[in-house]
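What follows is a set of structures for review.
Look for chain A in each of the two complexes below; its partner is chain B in the first and chain C in the second.
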Partner chain A sequence: MIIRKLCMRQSRQLLALSRRAPISSRFQSTLPESPVETLQTPIRDEISRSENPLFEMVQAQSEASTPAQQEFTSDEPQRSNFKKLGTSVKSSYDPENVIRNPPKPSQISLEMLLAAGTHLGHSTSRWNPQNSRYIFGIREGVHIISLDVTAAHLRRAAKVVEEVAARGGLILFAGTRKGQKRAIVQAASLAKGYHIFERWIPGSLTNGEQILGHCETKVVNALDEELPDFKSDLADRPSLKPDLVICLNPLENVVLLHECGLNNVPTIGVIDTDADPTRVTYPIPSNDDSLRATCLIAGILGRAGEAGQLRRLKMAQEGRTSYTPITAQELRLDPFTGLATGADGQKK
Partner chain B sequence: MAWHKPNSLTQAMQSLRLTSTLPKPSLQAPRTTLNTLRTRTYATEAESAPAAAAPEINFGSFTQKPARIIPASPSYFSGSPRFTDHVLKLEALQAKHASLPTVATSEAPRMAWFKLPQFRDYVGEPVPMKKYKSLVKILQRLNRIQPDMVPDEVRNTLSAFLRPGNPYAVENVPRTVDENGRARGKGKRKESTAVVQLVEGEGEVLVNGKSLVEAFKRVHDRESALWALRCTQRLDKYNAWIRVRGGGVTGQAEAITLALGRALLLHEPGLKPVLRKAGAITVDARRVERKKPGHVKARKMPTWVKR
Partner chain C sequence: MGKINLTALRVRQTALNQFASGKTSKLPQWVGVVGEIPPAETLIRTRPPQHELVQQRLKTVPGSSKPQVVFQVQEKRRKPKKPSRLFQPVELKYEEDQLRTQFFRDHPWELARPRVLLESTGKDFEHYDWSRIQQPGKRLDGESVVQRQLWLLNNVPDMTKSAAYDIARREFYRLRLKEDIQRRVAAEEAAAYGAEFGPSYLDIGMKMENEQYDKWVAWARETSLVQDQRKSALSGAPDLGDTTESSGVEAEEGEAVTL
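Moving on to the complex of A and B:
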């Protein structure tokens, strides 16, 4: 019996250990014998440059009333004249672009991941051996994560996000590190999901009544339009739980992942070489210390969610849903006892 | 999406169609169904008329059916969704208008933002002080946009965070001598408060209805009470009617000094440097320090005793 329990306890970690790639081979893979051939096509800047907000503002203020506004707008022809002069920079890296206009999951390429630095792991001394299957080799004492593995896992995670969104699930994007805020908020708005960019309040899932009880909820129809008639039925409902959690820094959000595990909520996590991949359901082996890498991953997952939501709304317009909708009768019942609320009121 | 928000014309047409079709079947339907039952005896018998098409999907009821319960705000899981939404909205606004010219903090219009308890009432969430301070910082940055270039959306958003009744709207009117030639001055010292009514006259002084000698036994107190008039050599040029409350004799005398100095300044503003130098209009803000636990007085410690 003891042996069986041991197997149950250790089997997840054993599964995580790669059998195909023994650890010893990792230390020999530093120096490739033949030079690696790389694609010569440059990364094209497919994403159109976002418009200058200043220009829009000036357009809006074309009917300038005050002298200061007139002075500000009078420079506009001058500026547009000088815009034609000089050279034009064609392919440049704009750090804002990955946040404002993230790429789609179909656009994932190894070059893109390499440029974002997703392959850089941690110092070899800090590794978690469970990540050996994701590691390509060692360079200057730092583990290098295999880019094709990252791309494959990222595509899988994007698929998961898209399907959950298409089935009307609540997707929570969590990135509590400094600088991840904007990417998280943008991804959540694309995927019509929810965001956490400050500390996860411990107990938000396990003790949701206390912590999220006062937060507002609403009843929507299949087209995501609010139905105010059901507002009175929402009073004594348990707090909501996400259906999928995406965590950009699992090392700092141990409590969040633990609560997700307890509540059977699947998780997607960015797993660096020092993190434990068994903590999350769908790991994405990648560098989690680079903002550019995590912003790229958040953006791609946000785009995936956007595609899923579009699909769901399209179905809803045809009068179909890919999930079992809650009925008006269920809403009127007491969520804890399953009895009609009217009968409950009479008892009291 | 056309069906889901029909315009008034199509609505009217639909209602017409409904009213024309609805009442008829209620009377005639039973008979027709009976007739059809009688005529169609066998299931295998071929139908005489082709089956009518299925009725249209009633999208109206589909849109009225509940499908999901979802959070009202994308910040639901942060625990304070309304506050987080406010912060995100303000940050977006700040980023949008970052290129507008700004003025120095001192020249920006003075705004009375919500105090923390008022803000907590406003959002209905227990917002910590530190987080509210960071929100006020964004408000102040938006408020620094050059006043004649502030976009309407910024102005409207900022006005939502102002506490009701603008305390900075009323400007302090400079005090002057009133129509009866009276100048009123107030002064405080220690626990005492003095109000002086000063008129031009022959040097009569009444303190709480008593003469100066009756009110202050010590010569030093009398000197200090009228110090503002004495140092400017105007003892015989003004009459003073003084009311003083609270505190002890010294405190009352020095409260009168300050009140008298301020009242005299209304009559003769040119005396300000003299009065300042003489110390007649300098406020002494010292008050008795509170006693602390573990101390005998404010600072005195009990004597050390060996065991």
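Moving on to the complex of A and C:
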């Protein structure tokens, strides 16, 4: 009911409004006469309003012909000419860019790492002397991590992620700090892996049947197509374990890394100057407190995983695999008795 | 506790051993990958990079017409390092540090100006040429003076630190003055075209002060009235005492108002 009459009421208000002349005209040396005329127009409208209630709506559209508005439209070419003047910012920093469109491992440069702030370590009093290899020097009481070492370790880690993805391994991205969620999810979706952005439930690896027993598993072929025939054979299987764990904050995820050690799973971790580098298999010495730095690292590893997955699928389409696929017989094998029935199929 | 845990670094060895001993029936897929790309040596200590303060200067030599580039390395201290500190990282030192300290000691309010700390690509330095103090895409600040001074020290023959400081500072002051003038002109121009900037801080301060004075006047009126009434109530002969008392209060009030 209100919406129906909105046009009428608003247009009446607009007509009654005495508008200021547009700014462009006020740059002229003599002021235009238009404001006086715009004041007169509402009076003219009031006379005709009584005759036709819809008059205002019609009038409001054709009202663009007041002298001020005419002047405004006549100045249009001049204004568009002036718009070309001044500066236009071409490349500006967009914080979302590192999440939406992360760089590839081949694009890693020291400048990029520097801009992301990966070189900033912790206060010298908090250092772990095992990290002395990665430390470039001390500046203002803060350890500075060597950028070339970071780049080398990051490339190495990216290579590992790519190879593991190319062999069909399960990759788990873990980043449980505030703000790392989106980067982790994006990296995992690129690498077709899995992610944790909340607390790691202790025992998810060592006591997986209790904690992850209810989770769904599926059998896929080399082209990642699901094979529903094998659903029933998965009932007795133990819960799956990752082939590679990437941890963005090893300090908070000691339990995760300990369980990976117990289950013999290789790990990649972002190691700041106060973290223990022996907790992970492949350390990436970098600042783990800066979101920009961790997002960059997660993105690069995600891109590496993407490349590996592409390679694997391409090979699969050609009928080759870079890994020894599990046979249907092995899959049908009962884990306890060892009885088997024959059928074709592959599990990656 | 205390011992180094090498479990994570030895995943491949463990996997191979477990397979060999029959604990696992199948080697994991990643064993080949970890074998090809072994983990880095984390625990081997290396001598950290030793940083020295190097100064570049252009000096005129009596024999030749062209000035020569001379590099001066900071003297090493005579006392050798303690063996326990051999593997500790070294302080990073640059020549600018000294210049920066001097500039900001002389101009402490330069630190109060807003500064952009964000680096978009990390390649900003490529666009800078410190043969002049103004740089595209960089706001003029104390850092410009420091970099300009350093450039002068490195590239002008026989330049001294104080002379370079004076040159850089003079350029800086001139540009700052120009900025001030630009800002003032822009404000005047905007005001001429009808912009309103609102009351200035001084006006706001004066207004607040006036409000307090007005409050005080009202309070003084009230208290004088109360005192009047009290005195008239206490005094035995109202017609005699009243006239003198009230006139006194009037005088007092007049004074208060003029204050």
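Just so it is clear, the second predicted complex is superposed on the first by the 247 of 348 C-alpha atoms of A that agree within 3 Å, B and C clash if a C-alpha of one lies under 4 Å from a C-alpha of the other, contacts with A are read in each partner's own complex, and residues count from 1 in each chain.
To be clear about the criterion, a contact is a pair of C-beta atoms (placed from the backbone, for glycine too) under 8 Å apart; a residue touches a chain by one contact, two chains touch by 3 or more.
Please read these numbers as outputs of a predicted model, since none were measured by experiment.
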| item | value |
| --- | --- |
| Which of chain B and chain C A:168 touches, first, second, both or neither | both |
| Partner chain in contact with A:234 - chain B first, chain C second, else both or neither | first |
| Touched partner set for A:243, first chain B, second chain C, both or neither | second |
| First, second, both or neither for A:265, with chain B first and chain C second | second |
| Partner chain in contact with A:204 - chain B first, chain C second, else both or neither | first |
| Contacts of A:215 with chain B and chain C, given as first, second, both or neither | first |
| Intersection of chain A interface sets (partners chain B, chain C) | 168, 323 |
| Complex contacts: residues of chain A adjacent to chain B | 53-54, 57, 60-61, 66-69, 72, 168, 170, 172, 185, 188-189, 193-198, 200-201, 204, 211-212, 214-223, 225, 227, 230, 234, 237, 240, 242, 316-317, 319, 321, 323, 325-328, 331 |
| Of chain B, residues touching chain A in the complex | 1, 4, 57, 59, 62-79, 81, 88, 95-97, 99-101, 124-125, 146, 148-149, 151 |
| Touching residues on chain A, where the partner in the complex is chain C | 26-27, 91-93, 109-115, 124, 129-130, 132-133, 135-139, 143-144, 146, 152-153, 156, 159-160, 163-164, 167-169, 243-244, 257, 260-262, 264-267, 277-283, 323 |
| Contact set on chain C toward chain A in their complex | 4-9, 11-12, 14-15, 18, 28-30, 32-34, 36-37, 39-46, 48-49, 51, 87-92, 118-123, 193-194 |
